[in-house]
Structures are given as structure tokens and as C-alpha cells.
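For clarity, chains are labelled A, B, C, D, E, F and G in written order, and residue numbers in each chain start from 1.
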Amino acid sequence: MFNKAERIREYLRSEMLPSIFCSGCGNGNVLNYTLRAIDELRIDIDKVVFISGIGCSSRLPGYIDADGLHTTHGRAIAFATGVKTANPDLTVIIFTGDGDCAGIGGNHLIHAARRNVDLTVIEMNNYNYGMTGGQLSPTTPVEGRTTTSPFGNLEEPFDLAALVVGAGAPFVARWPVGYPYETVDTIKRGIEKKGFSFIEILTPCPTGYSPESGLKGNRQIWDWYKRNTLLASKYRQLSDEERADEDRMLIGVLQDVEKREFTDEWAKLVAQFAASRE
Amino acid sequence: MNIRFSGFGGQGIVLSGYIFGVAAVFDGKQALQTQSYGSESRGGGCRSDVIISEDEIFELAPPRLDVLVALSQAAYDAYLPALREDGTLILEDDLVDTGNGSGHRTFRIKATDIAHKKFGRKIMANMVMLGFICAIVEAVSREGLERAILDNVPKGTEEMNQQAFEEGYRIGKGEPG
Amino acid sequence: MPSQDARVQQMIEINEELCKGCDICIDFCPLQVLAISEIINRKGYYPPKVVDEEKCIGCRLCELVCPEFAITICNE
Amino acid sequence: MRKEIQLAGFGGQGIVLSGLILGEAAILDGMNAVQTQSYGPESRGGAARSDVIISDAPIDYPKVVSPDILVVLSQPAYDKYRSEVGKKAMLIIDSDLVESDESALCVPFSKLADELGRRIVANVIMLGTLAKVSECVTRDSLERAVLRNIPKGTEELNLKALDAGFRSA
Amino acid sequence: MMTQRQSRLSGFDNRTLFLLGDEAAAYGALYAGCDFFAGYPITPASEIAEVMSRELPRVDGYYVQMEDEIASLSAVIGAVWAGAKAMTATSGPGFSLMQENIGYAIMTETPCVIIDVQRSGPSTGQATKPAQGDVLQARWGTHGDHEIIALAPSSVQECFELTVESFNLAEKYRIPVILLMDGEIGHLRESITFPAYEDVAREERRLAEPEVESFGGEDVPPMSHFGEGRFIHVTGSTHKASGMRDVSTQAVHEDLVTRLCRKIVDACAEISSVEEDFVDGAKIGVLAYGATARPARGAVLEARRAGCAVDFLRLITIWPFPEEAVKRLADRVDTILVPEMNLGQIAREVERFTAAPVLPLSKIGGVPHTIDEILDAIRANGSGSGSTVGQRP
Amino acid sequence: MDKQGYDAIRKLLGESPAFVQGDVACAYGAVLAGCRYFAGYPITPATETAESMASLMPGCGGTYIQMEDEIASIAAVIGASWAGEKAMTTTSGPGFSLMQENIGYACMTETPCVIVNVQRSGPSTGQPTEPAQGDMMQARWGSHGDYELIALVPNSVQECLDLVIEAFNLSERFRVPVIVLTDGEVGHMREKTVIPEFDELKLVERETPTVPRESYVPFGGGEAAVPPMGFFGLGYRTYVTGLTHTEKGLPATSSAEEHTKLVSRLCEKIRQASESLVRIEERYLDEAEFAVVSYGITSRVALNAVRTLRRRKKKIGYLRLIGLWPFPEERLLGLSKQVKGILVPEMNLGQVYHPIREAVAGKCRVAHLPKIGGEIHTPAEIVEAVQKLMGGRRR
Amino acid sequence: MNDEPIIPGPARPLKPHRLLKFLRQEILPTAFCPGCGCGTVLNSFAQAVEELSIDPKDMVFVTGIGCSSWIPSPYFKGDTLHTTHGRPIAFATGVKIMRPDLKVVVIAGDGDIAGIGGNHLVHAARRNIDITVLMVNNWNYGMTGGQVSPATPFGVPTTTTPYDNPEHPLEAAELVAAAGANYVSRWTTYHVFPLMESIQKALEIEGFSFIEILSQCPVSYGKMVDMRRASDFLKFYRDQSVRVHKAKEMSAEELEGKIVVGKLVERQRSEFVTSLRRINERFREG
């Protein structure tokens, strides 16, 4: 049973509402899901820092009545690394978009995944640069028409979850916006995971570019995402031939392994010095 | 002639100003159009100014407005002081409440509702509005404006835009439907 | 998951001024409690209205899927 | 009193470390010292030079103007730097590695180091010789400075090397 | 036989259109012969990229959107050495990211054009609002000693013309040229009349004869392109005329960097372009550039109509700084008023060339000056009494 | 820092006086100033500071992290500062260019932090191992938009240590990034360096809010105010953004008034304090008719040259800029009224020469003596230039 | 780099080595430290060019900052763009788009390509632009004296991780495979023959090709792990490497500390510049 919406609203800066998001945008949902996850985990909100870069989804920390660091374009994860490694007692959650996180910020993404600092990245993939008016992003599908790919996108998009797994992250998951219960649950797991967790949420951008463009109404759009994705648990049951034919994006928890974490390792080192002094 | 279109992002404010400017250029006049908007693609405050003149234009923003088109309460409240006393006020009837009135020559139209109900597309509201303004304000020629609209709407929607413009124009002229 | 026998009186509160007319709540309500209203809010959107509150079982899906924090279910 | 000393050789011969130790010894003597170095982008094999200025007054201009002593541990360094240095400078060379037809204090530092079992202490031997002939630092301070800058477990070897240097002077 | 570019662009010949400054600049680039654009979305410069992505394939050019602004300028420089005329466009935050590679382009003498559509900073500031806050950054933003060329357009027509000019200067002096637009000019629409494609003067790249070195010999050496079997070596490290690295010989560095600066400083008179409008008896002069020059010009005309003699100087070239024109103005008037959409950046430069009081009329926050504001300042100081408009910071 | 903490650090640093490189002295200064966070990326000639910090940080309970690039390094430093630590990064020209965007961010968000730029010969990759003073103007103007910051220029290894402490103090006092502009010469040179004793160490600690959360105004307090910093985890729920923001910290990107108020305050808090920020060393200025104005490593050569000229009974004065930004305009204007001419020797093609000419506003001659290519001036060059200046007719 | 070597070569003329024609001979010997693997990579690369009979005129080299960037800049005699740190792949993108007829080769180190330049690496792989990247991985920043790099193994001391590296290394080849490249392999300087064949393959294949070459740094890295001789490294590479097909059958524990060598990916995704040019063709035809 979910908590009352009033309780969730107490996490918000009421003076900032309504949000800047367009009608039908999924970013508000992600905010809603994240706050519910935090509420259910009973984390002290005073010890949570929300960090973001530049873009629509990066505006989320502004709506939460908590410590927030709205940084420069692409650099949210690097700033967050500073916050977390300087004060590991804080829970650090990053809100970012596909352009911010995987475009200009791609290097910080892969290095944070490799380094394994205990951060939770919630990346909202809307397949384009929405805030600047719908340009090509590194996740825009092949042939997608955006304002800077007027003849169709020629580039292959990133499968971001696969990329982050490749870079070594211990916890990686993906959900389309239409899986509220599962997403809340996954965000809880991501926050609780000691290590770098990456959660990609596929969100529609009705104003900029959407792969499902042409569909009317959010019911249809959300259904489109369900039709075009496949649960990882189901994929695992497929035969090799079936897998070869499968080109839908996998969703669910895609990676969950244990790995030594940076701030833990550092604390051990500091403790060694402290012990040797005594 | 200084005209300001104002309202929310997504109401076609910038496009309206642009079309007016293009129409002025078609009419052989000088025109300068600027816009101002927040970070939001939709729903944030938005305005578009058009200065139309026979001579070279030095101003970047009109100091006083001859015409204020307000499509939201916030826009009306913010920009009313810039409207000349003898200026013309054009309002979206459903979204702006003027209280006891401002004392200006005022025209109202339910452009959003007409667009939604008559054309099934809220987005047509700005074409209805352009027709309405065209009927009231003599800034640019109707021919120039229609040409500018046809040049700047997506292929295949010309007819609907034309009809929406016509509808607004008819209402502006007080003609029966 | 929501319990089926939640017989307590539900009250669906819609903050119309926060709504942006995305209609997700209407589309996803399993029991069609909500529908598009005729009123335009100050932002020019048509917010949802409650058409059949009797049917509401308080599953809170509308509350959860609303991106604008515009819907609250109050149990009394 | 201002003494200017230049040490030159290959990268990898401990040239920079020698300058460091020399400067540190001077500090321990209560003097002022500045040590600078120049080297190419190669980590190994390029020419390296380390300059040390020792003075009882504050050192404003930190560069060597006219060295009192030039120590050269490689032929390329000799060819490169000898011409830059005035003739008044005392010249100390590793006699096995540098050919020179001018008057110089010639000590086979690397051979002496080999005799001690580790080629790497050649620079410490050189320091001993340098300190003895130039009297720019005291033996006591030099010993302390050497001990502060060498790996644990090599103290005895390095002190032996330093002694060999003093004796070779 | 018409080239593809000719046939596409001559469709615009002598037409009057109602365009954004951004769009006009993009067309200027196409007229100048630009055949490569790499960029990254940023307000208020994205429209330039959007036009380029639509138009470049039609004129047999190439558009690529890179992963960030650092990569964008990298790709531009790479394309130039492969034979392209190339450009990128950005705004403050992206311009800050490009600084390292701007220095690289200067050091390697790579002709290219960088448009900075200035917005209100520092940092993310007001992303959709205009400003002129990057003027000194354009001069000093990259590390090490260097000179740069920067131009500032004041109208949509000029966005077109100065983009062409930027390409020409870039080729002539083998240097990156920065077009300092601002969000006001970039995002305003007004009418622009396209010249006939044939009438546009285009500076073509001077290529080196075989055996001629590409990084020395004359102040602006001829270039070589990749793929011609010359085995050229292009490096941002200090290099000799052959292009080969030498990072430890003082004279090599001094010769190189001094030449890189000299080729611009010595050509200052030739590069400098200003609009001077002096009247007899003026006690006060207004010096402005970019969008601000519009209301400034309006105010000057207004003041003169009211009987107050005012001189007007508009900087079209910002860097190298048009010293001579500023000195000419300084010699004539008692007071120089400098309206700027920043906290007094060019006012500082003006101070170096005059003992007369320099009064910055600063305005930030994304709203351009009005004619009345500048007129008031002229009135307050027109007597030459030296009362202050804005305090010198 | 208490005595016990100080003693523990002294144990890490070893004996005093030390004989260390300028880069290492920067690390010593940072540790003594209370810096407990370092993020960096290797670059010649600044790497030694990073290496020292890597050795020192765990021993004093701090954190060292090597990031994937300089952009990330300064980002992590800003993040750490908001997590409550005094933080620093070091770099050289190319890295400094990459950091420019986030330096502007630190100014906009009023984040205290210290950036050491060990200048090398540019532009671009230039001569990586050779010293220069080519980033003086970049330090002031390198990021976009209007901002002010503080920059200090040490001329000895001792001063590297002292000024890094000073940099942390000013950074905390004014909530602004402070840049320490050393160069490859000072950075790589070893000198006698005295480590200050506990009672000599004057540290400025970060002011945090004392009011309840509801009444805390994180970015306000009047025209030149430096608000206390409610950093993360204190429960103030501060929202920090590089966007134009209100006193409460919330975005206000369309308001000209909020932007003007904010950016003016950010500049005014430094400009109004600029007199108190003046750090100048003056010598031989009595009855001086000409003066050499210099800074950094060049000033040591200049002092040598001035001494030589004074021995020859020439009335030459010496003025050294220790604090470079904000620029000590009043003091230079004062000097220009006293002397007939000023010589500015610099290891660049004439950078600080520009603000000196602005400040002097034509009151006396200003000549510059540029030198690039990685070699510092010789005393003879400066002596010769001064003599030329003295012989030259006034324009 | 000083063009006149401080260490003079032998007084007699250089032997007419068959690969010398590919090098800028006037500046030999190289500035690499004794035993450095960069020379081996240069050798293998020149061999591959010889085998394929590519005219160096048809190649452009783009490099970054670091020791291995010196392999073509200045030693391999071809058009060379020596760029800023971390950016060679981005520069190369511009070159390739304008001159698709030229083979564009990027050679740089782990710090350059996967550290500061990691973003350009993954994006170029995703875009699948026809560039050949040789990443010479020596597990540290060698030129600046041995700092930790993103490829440094966990738990190893470097000058900036004096108490052992607390970070995990990037598996660059696996990452590039995940990012979408057409050809990815990993070899070491011990595996010179397969390496040379792999370079040939990488040069031939259309699309983004990437070879991670583990290469010894006996001076900067070796001093910290007490592997001071090149042969220490080569033996290590020989003993610790496992072929890709064998690795597939091994557990994570068994693979701990092993070096997986061989071809990771070879596929035929569409190439970027070809697609880009196709659009222009459309307009050319009208």
C-alpha cells in the first residue's frame, strides 16, 4: 500500500509547482516514484542530496525540499562523486537525462560505473534534447527525425544500460515510465545497493521527439513502451534462436552483483592510518 | 506599430509574431520581431514583440505597445502597464479576467475553445486569434498575413489553418457564423 | 498492492491548477472513475473530473502515475 | 657566501635526487638553498640537469649565473653543458663515462659503486666527493640528508658510498 | 556548370526574407563556402545547427552533432586539415568548454569560425536571455599568449555579412575567428536581403607549393592538407616551421608565439572595422557594439535631433581592439559613454587609450538597453561635466 | 584545527624547515589550512601536488581522488565543498582551460575552493615542461559572463605554502574560488620551507548558518554580503544551482531584477573588499623615480635587478603584486603619481601590463618586458630595460 | 620532443631495415624509455601497413597527449594531427568525414583514450565511424611519471595511489564492444603476430575498429610494481592471458587477474560516414 499523496507532497517545494514539464512528460512521474521510494525506505531527507546537470529532467531537484545541487551540463555525476566521497554519510541521488548523462557527460558516467562510488543515478531517457527544442541525442533511434537530423538519424543509439554494465556498474536496471510499482521498487533497491546503481527510465517527450510519435494519448504511448520492451526475466527463458531474433529493449533489473565500493575502501585506508597513529 | 503577443509557451505566441513580421515584409515594410521565454517548452511565460515601421528600426524592444494580445492571466497582468492608453487590447476570453476592465479598447475571443470544439485541435487557437486580430488591427494587410500563414504551416494543414483564420476574422468583423 | 475490499469512503481530490491535461490518470484508472472535464484551467488545460466515485476502490494508481502531484486520494 | 653547483647526466642517474640531497644538507647547515632542474619529456635516457644554489643570504635570483662547480656524469651532458659554463668552474667528472681533455677532478664513481655492489649509489659517492672538495655542506648534514632520502634497508650501503666519496676526493 | 552549392543558394539571390539572426549567420556560412559543421545543442545557438543540418547536405557539405562542445571544435579542426571550411556555434557554457581547443587552433593556425551567441552568465545563468558577457573571455579565455579575431554584428543582415567576413579573415590570417553574436541579435527576426551568390567575396585558402613549410617562413604561411603525400605534422606543442615538435628550445617557442601574435597585431588596421559617425562640437561620444549599438544609435540620433552634438562609434571588430578609432574618438570628446550588456568589459579596454572619463552604462539581466536609458545618460553627461553614469568598478 | 590535530599533521609533514618543491609546499599549505579533499588529474608541472596529496590525505582523514579529467576534478571539488570539506585541485594551462566552465559555476554558486594553476608555456600544449606566466588574464576572464574572483601569485616555495593557506582563508571568508597562480619554475624548484607552528597558523573556518531552517537565506543578505553556507547534510535543504537564482536559491531565469541583484552582489562582495584584499610587497620606493612592477618568479629577478641599480645610485623602486585579482588599481594609480615610469617584466607577451595601463590611466609611462619560451628573465635584461625606460622621453 | 637526439646513434649508417621507410628516420632513435612497448606497437603497425601494401600517403594519423601518441607523432611518416589531451578521436571524426578515402588511424594511450577522452571513444564507437583506434594500455600515466590511470588494476600502487588503487579498472575493449563498434580485439606486446594480423583486420574493416594493446611501461609503472624489465611484463602477459573462446567457459573467479585476449567483436553495422554521404547523394541526384 502506498503512502498518502499528502505525505509525498511534503517532500516538495510547493512554491516551485506547477513544474516546468510539458503535459504528458514522464519526468514528473519519475519524481513521484523516487519520492515514494525514499519515503518507504524511511531515509532522513536531511541526509539526502539530489544532484543534477542541465536539461528538463535535471530540474527535478528543484522541486524537492532537500539539499540539491544543480550543476553544469553533463557533470552531475562528477559533482556527485565529490559530495559522496567527501561525506559518505549522505545518500546521493542523481537525476539526469540521456543527453546530459550519456551525451556530454558520457565519460563521467563510464568512469563512475568503473570506480564504483555509492551513487544512485536515475536517468530519464526521452531520446532527444528536449529543453533546447528536440535535437538528436545519443539515444535517438536510427532514422529518427529530430531538428538536427532532418533527414533521419544516421547514427546508432546507445543501449545505455548495456554500456554501463560494460563499464562495470554493479547495479543496472531499466523501466519504461508505465511500470510504477516496479520502478518504485527498483529505485529502493538502487538506493540500498552499496555501489554505483544506474536506473534508466524511458520517458515520453511529447514536445520534442518521441519514438512513438503519431500515437495519441498517454495510454497508447505507455502501451507502446510496453510493447517495444521485453522483461529481462522473460528474455532469459528464450532459446538462442529466439534471442537472436529479439530486438526489443530489455527491461527490469539487468545487473546486480557485488563489488568493492570506493568509499568503503577509502574508509579502510583511513582507519589503517588512524590505527597506526595510536 | 508595436504589437505584443503574450501567453504561455505552446500557444503559438512566437509563431504568431513571426507571421505578423513576415506579413509586414511582404507588405514592403520594415519589421523586427523578438521573443522572450523561460526554460519551459510548454506552459512557461512567453511573449513575442513585433515592431512594424516604414523606417529603420533602432529599438530592440518596444517601449510602449499599440496592441497587446494576451492569452493568459499572467501575461495580461504583466504587460498591461506597457500598453498605451489609446492602445488596443485583445484577450483570450476563457483565460483572462480583467476585473473591472482596463479602460482600453478591448476585444475578446474564446480562441482555445473554438479551436478545440470546432477544429478538434487546440493548436489552431493561434490561427483563430490571428484572423481575429487581422479583422481589428490595421497593421498588416490580410493578403500578406494569409500568404505568411500558408508559407509557414506544415504541409497538409493549410486548409484547416485557413479555415481557422477565416473563423477568427469573421468573428472579428462581427459577421454571423 | 491495493486491497479489493477497501470499503472505506474514498475522496478523490484533484488540484485543477496543477494539472496539465495529460490524461494519464484517466487512461489508467482500472475502473474508469475519471474523465476529461469541460472546464479550462488557468493554464489552458482541461483537467480530469470524477465521474463515478462510487466505483473507486482506492487503488491509488492515479495518484502514483500523476506527474504533477495533482491527485490525492483521501481515506476517511 | 653564494655557491652555485650544477649536476648533469642522464635521466635515471639520480641527478635530481642528488641536487635535492645537497640542498637539504645545506638547509640542515642553516643555510638557504634553491634547487631547480631541467629535463626533456623522456623519463629515461634524456639529458638531465640539477642546479643547486647555496647561500647564507636570501636567494632572490634563483638561477645559476656562473657555476662554481660542474659535476658531469655523462658524455652527452658534458658536450651539451660544458660550453655553457665558464672556465672558472671546478669540473668533476665520472672518469669512466666522460672524456675530457681539460683539467678536472676525475673519479670513477660508477666503477666505485659497482665495487660496492650497486651501481645506483654512484650519485651518493659523487656527493661525498663534491662535499669534500667544495666544502659547501658539512659531512654531518650530508649524512643526515642522505639518510632521509633513501629506501629503508639501504642505510649502511649509502653511508659506505658516502665515505667512499669523501675518500676519493 | 553550376555547382550544387551555387544552384541551391542562388535560389535565395536578392531575396528579402524575415529571418532570425542565427539563421542569417548560418546562411552567411553557406555563402562563404562552409562545408562542415560540428556542434552541440545549446540555447540560444541551436538554430544555427538546425539550419546547417538541413542545408549542408543540399550543398554537398557535412553536418555532425558531436557528444559535447569540446568534440565539436575538435571535429571542426580535423575537418579543416582534411580540406574543409568549417564552423561551430555555441553559447557561454559551450564556449568555456571550447577554450582549450581554441588555443589549439591558434597554435596550429587552423582557419575556422566559432560563433558564440552570448547569453546571460556566469554559469548557466539565464539560458534564454541575451548578454555581452563573453567579450573579454573571447580575448583571454584560453591559456598562454595569443591573439584572436572577434567580430560583433548589430543586425540580422550583419549576422550574414560578418559570418562571411569571419570565414574570409580566418582564411586570410589562418586563425580561428569568433563571431560574438548575442542572444538578442541571434533571436530577433528582421528582414534580410541576400546578395547574389556570385557577388559574395570569398577568400580562398592559400595552399603551399611542394617543399614549402606550413608553419613558418612568412607571417601567415600557406597551408597544406592531409592526403597529399606531404606527411605534414600538425601539433599544439611548440613546433618549428616544418611542424616538428621542439618543446625545449626557447628561441623556437619565442619565434613561433611571437609570430602568431604579430600576424594579427600588425594587421590590426587592416582587420579593424568600425562605424564612425562624428559631428562637430561633440563633447560626448557613445561607443557601442552588437545589439546594444542599436538603441545607442537610436539615442544618438534622438539627441542630435534635440540639439545635442554626440559622436557615435560602433565597434564591428572587437579583437584586435580598434585602438586607432577609439583614440580618434577620445581625442574629440571629453566623455565616452559605453553602454554594454555586461558589467563594463569593453569600457576597461577603452580606458587604456584615453585619459578622458570612460563611463560604463552597464545593464545585465537579459533586457537590452532602451533608447531612453541611453538618451538619459547622454543628457546627464552631455555637458562634459563628467558626472557619473555608472561608477567605474 | 586543534593542537592535537595540528601535531598529527606535523608528524605527516616531517621536519621543518623542509627542502621541498613548490608543488609539494602547496600540498603542505593545503593540509595545514584544513583541506581534506583533493581531486585532480595528472599534468606536468602540477602533478607533484597531486602525488603529495595522495600520500597525505588518508593520514589526516581526508580524501584523495583522481578523476577522469580536469572538468570532473573541479566538479568533484565543488561537490566536496558542498559536502562540507575544504577542497582543492591543481592543474596547468590545458587543464585550467577545461575547468573554466566550472570555475564560473563555483563563482555563481559561491562555492569556496582553491585551484592551483602551475603555469607552463602555452598556448595549447606548447612547452609542457617549461614555466610561463601566460594564464594571468585567463584567470580573470576565462569563464563566460560577469564574475569576480581572487587570485594570488607566490614567488617562492615558502610562499606557495603560505599563500595556499591564505587562499583557503579568503575562499572561506568570501565564498569564492581562489586561484593560486604559480608557475613551472616555482612549482618545481626546491627551497627552504618553514612549516608554521600551531600558534602561527591563522585559519578562517567556514561560517554556517545559526538560524532555523525556515529563516535561513542561503544566497542573500544585501548588496555585498557573504551569506553563511548551509552545506549539505546540515538539514538546511539548500538548493544550489548555476542558474540565476533568488535569495532562497530557487531558479529565477526570467527575472532581470533577480539576475542583476545576484550577479551584482557576487561581484560587489569582492570589489568592495578589494582594498582589504591588496597583497603587495614594496621595496626601495622612497624617492623612486621609476619602478619595476612584477610578480611571481619574475619578481625575484626584478628584486635582484633593482638592488643592482640601487647600488649604482639609480632611484629605482620595486613593487610586487602578491594579490593579482582583484587588481590593486588604487595602489598602482598612487604609484603612477609618484614615478615617471613603470617597467613590467613578465613571462608572457604582456598581460598584467594591460590592467596596469588601465589603472595608471596615462599618468606615467608603462613599458613592458615580455619574455617567453620557458626561460626566466636575467637580472641584466631587467637592468637594461629599466635604463632604457629612464633614458626614454615621456610620450 | 627534441628533434636532435641527445643520445647519439651509432656512428655507422643505420641498417636498411625494410620498415624504416615508414619512419621519420632523421629523428631516430625514439624517445621511448628502454624496453617500452610503444616501439613494439610501432613495429607491428608498420608490419601491418607493409603487409596490406597501404601507401602511407593514404593514411592520416591523429594522436593525443602521452607517450604512445608519439608512435606516429612524430615517428611514423604520415600526415599527422597531434591534438589536445583526450580528443584525438573527436578530431579524427572531422578528418574522416571530409576525407573518407583516407585511412584515419588514432594511436594513443589508456589515459588519453579511455581516461580524459572516454566519452569520445564510446560515442565514436556508437556512431560507428570508420576510424581505427589503437589504444596502447600501459596501465598508468607514463609521461607524467606513473599516476593511476583508468586502466590500472585494482589494488596496485602508483604515485597517486601510494596505498594501492581503490578503484576498478576499465575494461576498455568490453566497453567499446558494448558501445557498438564493428571490430574490437585485445592483444599484448607479447602476442606480436596475432597483434599484427589484428591491426591488418582493423585497418581493413569498415566501421569503428578498436584494438586494446597491453604494453609494458617498465620505468613508470614497473618501478611501482617491481617489474623493471620489459621481459617481466612479457612473461606476465604470456602467463596471464586467456583466449576469448576459452574465457567464455571460465567462471568469474577463474578469470580474476587474467587478461582476455583475442577478437571480442566483429560485425557489420552500417558505417556513419557512408550513411552521411548517402544523404548528399540524394541531393546531388536532385
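One rule holds for everything that comes next: a contact is a pair of C-beta atoms (placed from the backbone, for glycine too) under 8 Å apart; a residue touches a chain by one contact, two chains touch by 3 or more.
The structure presented is a predicted model; accordingly, all values stated were derived computationally and were not measured.
Trainee: Out of D-F and A-C, which chain pair has the most contact pairs?
Mentor: If we tally the C-beta pairs in contact for D-F and A-C, the bigger total goes to A-C.
Trainee: Please indicate which chain is farthest from chain F, where distance is taken between mean Cα coordinates of the chains.
Mentor: The chain farthest from chain F, judged by C-alpha centres, is C.
Trainee: Based only on mean CA positions, could you tell me how far chain C sits from chain E in angstrom?
Mentor: Roughly 55 Å separates the two chain centres.
Trainee: When the centre of a chain is set as the mean of its C-alpha atoms, what distance in Å lies between chain A and chain D?
Mentor: That gives a centre separation of 59 Å.
Trainee: Between chain E and chain F, what is the gap in Å from one C-alpha centre to the other?
Mentor: Their C-alpha centroids are separated by 30 Å.
Trainee: Find the geometric centre of each of chain E and chain G from their Cα atoms only, then give the gap between the two centres in Å, rounded to an integer.
Mentor: For chain E versus chain G, the centre distance works out to 38 Å.
Trainee: For chain E, give me the residues that contact two or more of the other chains.
Mentor: Within chain E, residues 57, 67-68, 70, 93, 100, 104, 123-124, 127-129, 235-237, 247-249, 367 contact more than one other chain.
Trainee: Would you mind listing the residues of chain D that make contact with two or more other chains?
Mentor: As it turns out, chain D has residues touching two or more other chains at 38, 40-41.
Trainee: Residues touching two or more other chains, restricted to chain F: which are they?
Mentor: Touching at least two other chains: 58, 68-69, 71, 94, 101, 105, 124-125, 128-129, 241-243, 251, 253-254.
Trainee: Please name which positions on chain A make contact with chain E in the complex.
Mentor: So the residues of chain A in touch with chain E come to 54, 70, 72-74, 99, 103-104, 106, 129, 131-133, 135-136, 138, 147-151.
Trainee: Can you check the complex and tell me which residues of chain G touch chain F?
Mentor: 65, 82, 84-86, 111, 115-116, 118, 141, 143-145, 147-148, 150, 159-163
Trainee: Can you tell me which positions in chain F touch chain E when the two form their complex?
Mentor: For chain F paired with chain E, touching residues are 71, 93-94, 96-98, 100-101, 104-105, 107-109, 119, 121-130, 132, 134-135, 137-138, 140-147, 241-244, 253-260, 263-264, 266-267, 271, 348-349, 351, 354-355, 357-358, 361-362, 372-375.
Trainee: Over in the complex, which chain A residues touch chain F? Could you list them?
Mentor: 13, 15-16, 45-47, 49, 51, 59, 61-62, 65-72, 75, 78-87, 89-90, 107-108, 111, 262, 266, 269-270, 272-274, 277
Trainee: Which of the residues in chain G come into contact with chain A in the complex?
Mentor: Residues of chain G touching chain A: 115-119, 122-123, 126-128, 150, 154, 163, 166-171, 174-175, 177-180, 269-270, 272, 275-276, 279, 282.
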